[in-house]
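Listed after this line are the structures, all set down as structure tokens.
Below, chain A partners chain B and then partners chain C, in two separate complexes.
Presenting the complex of A and B:
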């Protein structure tokens, strides 16, 4: 039976359009209600100073979440992101401690991330290992590496220029967030405007169809894990600027926040559905939530419970709104 | 011998099944008596599987009456009514033993303390009853396909021993294994067990069955005693019209060679050779599993194969999807949902997928999709696709429109050799007509077309030439003026057994 297109009436069409926007960005209502709730609880919540601290505190998670989003869009997962952040921070810190060069430190951080990314991408794309198992392995390797190199203690000797950059702001936006914003723009454009981005989305929605259409599926998977690794490297470098030292376990606890942010934003773990913009909102929800609960004086472990519940609600809402029911 | 005094084991009247408004089986009525073998025949997609699933209780009929041993029932409950089925895909646990497999649904002894000796005894008795010698302790994976089939039958009869449904039981068997299976079927007949025998192989049907039921397009088009009906008559019933009256002008092929395949071989097919000229439509007929899809997928570089492929007279040394696309080939898969479409992506992305670069704005190479919607819209219009919007998910379209989207995607690459695998599978009649016209237009514009189809009337209508595959080999070829559906069917369906004679 051929589907017949029916012209929609005015008010109905409007309702449907706004529903369509909700389908794309299911996290918007959550963010709005959180902001309203917290600003009524704490007068400090809606201030420039607080906004600045939210932005600075979440640049590492945001950059890593971009990588995770790309991996999710292919239907994979990168569990190594968190500990690659730690490993590249430690390596970069060690390099900077002995050379004093920020450029060499950055190169080392990116190099470590690239190395782990290539390893993941090669094993998954070319050897056919599953993303979960592969990145679980590299997660352990990176974590071990971070502790072996640093011998378990923070690497001191960060160049002063990098420490200064950690406090730098432009028009109230922290310098580290500026880097994050630049990466966001590049990745949004790359995903939506290039053939690479298109092939990635198609691959994520059906890998068999992608192969039968002649898309180089191995190259897509390799590139995605590579980018995810490089972004983890950059995030590791930024963690040094934020914290002053390279901490061996700096990224280890971030994994669930990264995944939570991506999922809350409404990017599907099945691949082919989602966007970087959604992830900004998802990470934003968790950032605002943590900040607001801190301002309200809610203890850390109580916050975890609330975060957990919010992930159910957010994901449930995304599924409910998504027309793609399985 | 059938016992006609007794009540029929199973009797169905006006059985109908529809899925979401589409009727796939309609008006099927027949009786099965004890000790009878009833052949259920029809082409691919005629509704045999759906009928089978209703008879063994896997599917609930949409309407119709069912009588088990003379008593009306609303739904068949396999175990309770003594009806069991052995499906085409065997359902044994490969690593378990024969006895474990046979008794798995009803293990003797306590739940936490199974009496394995008793299980062995039960299995052994059942095998003895069927006159089969198989070690009950052997693991199923150590047995050949023939013995596995027999174990499956023994297991089925252990729980339900009045009516047995066998779905294509011989497709994976060797000739001696097949003979053994027939001996068992004869023995069951003597013991008063009724059998519904689904087979493509006409020689087997005639050798084993007492009665027949023919399905075509979901409707029962004939039933009765087999001895009164000659084979050609039965085949005619299955196919429908004898010769398709062609209503489409498919043009005249040129004598310029477009593609030539020479002794192509792989695990699934052997020594396959054919050629297609520009403007020619070659149909490849055969049963499911004959290796047709495997051949064309190898030609397009999806599967590995050995042999020579020539495109426009040039030997292709490195066969890959990318290389074949560059040479102007396209392949429209039979598995629309699994291997063709990107279900959750919009129509326009599905259309541009095979040639994304062509759809992006040209100012910067590979950057921006400004022209995509307009270009995709043109193709949608050309292909006569009915969609609400170019941005709607392709999942939401009907089968026919999905097929057109897939065809549109590949025609956008402007191919000069077009491979279509089951191009009208699951599409409605209107879309089928559109697609046939499109194929004819392609050929008339000089494109070489290869069509794999299980729908013989379709091949008869749109092909210049039909070649037939059976069990991985090419076994015959007909020019358009010699098309004979009955001959083609019998070539496609004769079994290895018949060949030997």
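Presenting the complex of A and C:
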């Protein structure tokens, strides 16, 4: 009798555990069903070559989405990510065209990102401005910068070594994705294992209690926007490797996909709720969706409709599940 | 002087009005071409599209919401209008469908915000993507010209006044009336100040919220027709990013993004101010790529100035309070 009771309790607990996992990662069932659906529609979907192209095509968005996730976790938003990608790509492209040095180009890209990140972080953290408006302003400035420097045309003269790197793969994983994975690991560890990460999460869930605990909230906000800027700079560099040229408008269309991916994964814009892992899944859904629908020959405008519905449903699901959890 | 300060702080739109005036004077000193009747008129005509949308956006932001999908609604409405014009040639049908559809798309935004309680930014981001997809689906990404007579709406004149300016005036007056003279306007501000207390006092929060997004859709629909008439036909890039210009105009006009406080006058002047910057840079023969940088800097400067003056005011109030406490305790 006792053992039966125990067994029942055990299975219930197991069920509850798996439900808990579902609540933390509501995008997993969506991904699984998407993969099943697409692989039954197209024989090319589940091939190594296709996986490789998905990974390579989404490294820029993924890296930028990491930065956006960190910003979201503090309850802010960074609208400037997209155009900082363009600005740093253009600056790096120009530097590389005149010096031919990839190292200098990378330094320039990261420098531009860091500059914009510092500006955002200072204005938001230390001056107390609203993130939305502040980053809207820096978004305009970064776009202007990208177009002024490039005069509105793609910057040519990318070193061949960088172009080669765009095609480089290691065990079927594109080189650009390897960089992305490295950043992912660092950010996941940083967020979960360091004091900084825990302070950030507390700050996001309750600003006041973070302040009363003696956390330097200004520094936290500054650091988050700085990181997001630097990541945008790296993403800009990778966009050159992927596309072959530094294109001044490269980031403009990415903003909605970046925010969409983060939100779809279930990270709340109100702060404190979410994780990098969720963002990986969210960006993954959009990536798989785009790729699968392309293979099925669905025109891009119909894909937009599906994306919109999915972003809404995904975020609604995540919010509903996480509110039940409390 | 104190009284002047008080009026100044209570009427935040005066700041942007003064800035616009100052910019206007500066431009007329720099270029003789600026202070001509036709140039002023063209500035207003150019500003009309964003200014009309800014009126709708002001209502939405006053409730503490935001509408990112405005550019997509604008694009969808223009697409529908152009499509119906090409297929049937009936103006009445095209106008009704376009304006009706703009209201409907706004209503969908409002319904989703109210029903699912996902923050408006995300909701309208999702509908932005959807509406844009729907619009291109409708036309198959074609450029469709509109009939020549349609140009009346964009460049025509009625009683010597350009039609876009007339439409802007109508929207502006109606908006002012709705916000300041009706119960609805009061509710809008109440929701923006505290949705919780608005709900607890049994205000029709849901209806007001939906209606606010419908107003956003309606103003976008009107703006879409003006823009379509001025451009002369449907192009695939119409409306991309316009929502950010509109939000910038509203914020420059002194409306708080958190809701509850703001004016329609400010938003409209904000829209004019942004066009004035374009106009000025154009008169100075600046590279068109610098426009964005200047606008970004202006936007940042505006929020910084606003923040600084707010803090100074708060400090002033605190000091006064401390003085009062001191004096009363001295008597006791």
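Just so it is clear, the second predicted complex is superposed on the first by the 314 of 326 C-alpha atoms of A that agree within 3 Å, B and C clash if a C-alpha of one lies under 4 Å from a C-alpha of the other, contacts with A are read in each partner's own complex, and residues count from 1 in each chain.
As a working rule, a residue touches a chain if its C-beta (ideal position, glycine included) is under 8 Å from a C-beta of that chain, and two chains touch if they have at least 3 such contacts.
Since the model is a prediction, treat every value here as computed from it, not as a measurement.
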Between chain B and chain C, more extensive residue contact with chain A
C
Counting only touches as set out at the top, which of chain B and chain C does A:212 meet: first, second, both, neither?
first
Under the stated touch criterion, which partner chain does A:302 make contact with: chain B (first), chain C (second), both, or neither?
second
Chain B versus chain C as contact partner of A:193, first or second or both or neither:
first
Contacts for A:272 in the overlay, against chain B (first) and chain C (second): which applies, first, second, both or neither?
first
One more residue to check, A:156. First (chain B), second (chain C), both or neither?
neither
When the two structures are overlaid on chain A, which partner does A:127 contact: first (chain B), second (chain C), both, or neither?
second
Just checking: does A:139 make contact with chain B only, chain C only, both, or neither of them? Give me first, second, both or neither.
second
Which positions of chain A sit in both the chain B and the chain C interface?
none
Residue ranges of chain A in contact with chain B within the complex:
1-5, 192-196, 198-199, 201-202, 205-206, 208-216, 272-273, 323-324
As the complex stands, chain B meets chain A at residues 21-22, 302, 321-322, 325, 331, 333, 335, 338-345, 349, 352-354, 356-357, 360, 366-369, 386-389, 393, 395-398, 400-401, 409, 428, 430-431
Within their complex, state which residues of chain A touch chain C.
77, 123, 127-130, 132-134, 136-145, 147-148, 151-152, 252, 256, 259-260, 263, 269-270, 299-309, 311-312, 315-316, 319
Report the residues of chain C in contact with chain A in the complex, numbered from low to high.
112, 116-119, 121-123, 125-137, 141, 241, 244, 247-248, 251, 257-258, 287, 289-297, 299-300, 303-304, 307
